[in-house]
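Each structure below appears as structure tokens.
Heads up, the next two complexes both have subunit A, just with different partners, subunit B and then subunit C.
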Partner chain A sequence: YNFTNCDFEKIKQKYQKTIYDDLKEYMNGTRSTQFNSTVSCNNRADCLAAIERLTFRPPRGCASLAGEAFALRTDATFTLQCPGYSSAQIHNTQAAKKRKKREVTTNKCLEQVSQLLGLWGRFCRTFRKQ
Partner chain B sequence: SGYAQNGDLEDAELDDYSFSCYSQLEVNGSHHSLTCAFDDPDINSTNLELEICGALLEINCLNFSKLQEVYYIKTKKFLLIGDSEICVKLGEKSITCKKMNIVKIVKPEAPFNVSVIYREGANDFVVTFNTSHLQKKYVKNLMHDVAYRQEKDENNWMHVNLSGTKLTLLQRKLQDDAMYEIKVRSIPYSSDYFEGFWSEWSPSYHFRTPETKRAEEMD
Partner chain C sequence: GGRIWGVLQVQIIWFNFETVQVTWNASEYPGTNLTFLYRFDSGDTYDQCTNYILQHDLTAGCTLDAEQDEILYFSIENGTHPLLTQSHWISYYLKPGSPRDLSFLWQQEAVTVTCPDLLYDGFLYEVQHRSTFDTSWQSQEEETCNVTIEGLDTEKCYCFRARVKTTESSYGPDAYPSDWSEVTCWHGGQPTDLCPDKLLHPKFTRFIL
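After this line comes the complex of A and B, so read on.
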């Protein structure tokens, strides 16, 4: 899915007002320096694509994040603010949400969410340069 | 009364089942609440139930509880993104439904601990108050309305709007040797993600202004 036509301002607002707190709550207890940043993005659409990939297609060692509050809110945000984005077709989120209510928080998942915080931070900083 | 009024009836013959709601986020720890009531207080709501669907975490719908004529939900499951649909139901039949966005019908909790301290050296009064929203995750940005009046001036309220929780009133702007009443209410900051209605007023605080020297010399 190409995120170029999304309403970036509204996405940033929803992130800052809801998703950010969810991610911080998920990382509760871990030091912010515990994981190195290994993923980056260049522009807003690129950042959202990376965020979507890391949120809904986690790596080996982290079964699924799709049932987490931040993932449900990310999904709702993209569905609302990105024309034609429908998570159900793109990565079968609906099935993932039903099958995997809430997974055990593994270290691999913590690392993944740490990368997500980095990507969202990068996305927000693209607004400062305006 | 601090409710959304933007509903339209499905069909002219139906009784007026229009209703209004407000939400309070993190009102009890991380639990939110949603409170609804029929606009017509005389409606017979005995068998009527309310249900909310959409924009919920991990579930599709939630049923309201009922206390006298008020329907309410206490939950952590608000997605806080996008619209929900709230329906009035008679058994399984939806009589009327209304689209609502939980974050746009927020009614803050009333401020509290209003107090006034007179500073003789500065010839002013320092007004302070507290709000539970300073500790919240979501609805943090509020506009406060400080209202004060001379007690004998029934409806002559003066108002000051501020976003902080401290305000100074100049002594020369108030009457000497007079009893004053002061109270505060809050509303979500207009340009914030969260919008909604005025809270209830805080409990009032009463204070007396001193006699000034000019008045004392004339005695």
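After this line comes the complex of A and C, so read on.
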């Protein structure tokens, strides 16, 4: 999916109002700077694509993040602010929603979420003063 | 604030979107010239530092030109043996420049302090003020460099200073606030070099006989 036509300003506001707190809560006191930053992005669409990839396709050693609060909110935000974005087709998010039980937070998952914080931060830093 | 990774205490500072300074405390390796290798793209090969910071004639840091918001990949080595290999967004260690060109607009008992905003979002502009009767600075901050402070007593002399702070959602928890701007003082809506010593409040006047 190409994120070029999303409403970036609204996505940034949603991130700063809610998704950021969800990500911090998931980190549960672990500082994101405790992990190496390994995933980079350069512009808004690029950052959102990387965020979507890391949110819904976690690495080996981290079962799933899709059912976490930040993922559900990210999914809802993309669905609302990105024309033609439909998560159900893209990564079967419905299955994740049914799994109410919270996944085990492994160190691999913490590292993944610290990468997400890096990508979301980079996304926010693309916004210049009006 | 430095961070301890492995046996080396490393501090990273990205000065005002211009240069990155990485310094290390190599007390564990006395008399050793450690080597600093770096790159800004994970696909590139490492380059060695060309601008070392020396302490007692031994390498203690490296200064790099860096104007892009990127991930810094670096390795600090003893000979060819890597002691520490890390990669971090340099924005996580940004220290913005102090606010400049502050201007003050007085209107009765309020003043609006403005200055040029930095190019990007994600900052807070903090203005502090105090009168000669205040024991500490009082703070106010906004998302743009346009801060109005109300409830000021036109009879009193006030001093002001400002700085830029990063927001955690954009710059992470370890970024630095800027240094404070110069202090500027005002009395009766006019600039003054400094505020006169505290005028004894009539109630506390003491008479020496």
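One rule holds for everything that comes next: the second predicted complex is superposed on the first by the 124 of 130 C-alpha atoms of A that agree within 3 Å, B and C clash if a C-alpha of one lies under 4 Å from a C-alpha of the other, contacts with A are read in each partner's own complex, and residues count from 1 in each chain.
In this section, a residue touches a chain if its C-beta (ideal position, glycine included) is under 8 Å from a C-beta of that chain, and two chains touch if they have at least 3 such contacts.
Quick caveat, the model's predicted, so the values are computed rather than measured.
Peer 1: Per the contact definition in the header, classify A:Gly118: touching subunit B only (first), subunit C only (second), both, or neither.
Peer 2: In the superposed model, A:Gly118 contacts subunit C only, not subunit B.
Peer 1: Check whether A:Arg128 is in contact with subunit B, with subunit C, with both or with neither, and answer first, second, both or neither.
Peer 2: After superposing on A, A:Arg128 lies in contact with subunit C but is clear of subunit B.
Peer 1: Pick one for A:Thr18: touches subunit B only (first), subunit C only (second), both, or neither.
Peer 2: first
Peer 1: Looking at the overlay, what does A:Ala76 touch: subunit B (first), subunit C (second), both, or neither?
Peer 2: The first partner, subunit B, only.
Peer 1: Classify the contacts of A:Thr38 with the two partner chains as first (subunit B alone), second (subunit C alone), both, or neither.
Peer 2: A:Thr38 sits against subunit C, while subunit B stays out of touch.
Peer 1: Which of the two partners, first being subunit B and second being subunit C, lies in contact with A:Arg60: first, second, both, or neither?
Peer 2: Once the two structures are laid over each other on A, A:Arg60 reaches no partner at all.
Peer 1: For the overlaid complexes, name the partner, subunit B or subunit C, with more touching residues on subunit A.
Peer 2: Counted on subunit A, the partner with more touching residues turns out to be C.
Peer 1: Can you pull the subunit A residues that subunit B and subunit C both touch?
Peer 2: Residues common to the subunit A contacts of subunit C and of subunit B are 16, listed in rising order.
Peer 1: Sort out for me which residues of subunit B touch subunit A in the complex.
Peer 2: Residues in contact with subunit A: 55, 57-58, 79-82, 103, 137-138, 193-194.
Peer 1: If we count contacts the way the header does, which residues on subunit A are in touch with subunit C in the complex?
Peer 2: Interface residues on subunit A, with respect to subunit C: 15-16, 20, 31-33, 36-38, 40, 117-118, 120-122, 124-125, 127-129.
Peer 1: Touching residues of subunit A toward subunit B in the complex: what are they?
Peer 2: 13-14, 16-18, 21, 67, 69, 72-73, 76-77, 79-80, 97, 101
Peer 1: Name, in rising order, each residue of subunit C that touches subunit A in their complex.
Peer 2: 3, 42, 69-71, 86-89, 91-92, 117-122, 144, 167-174
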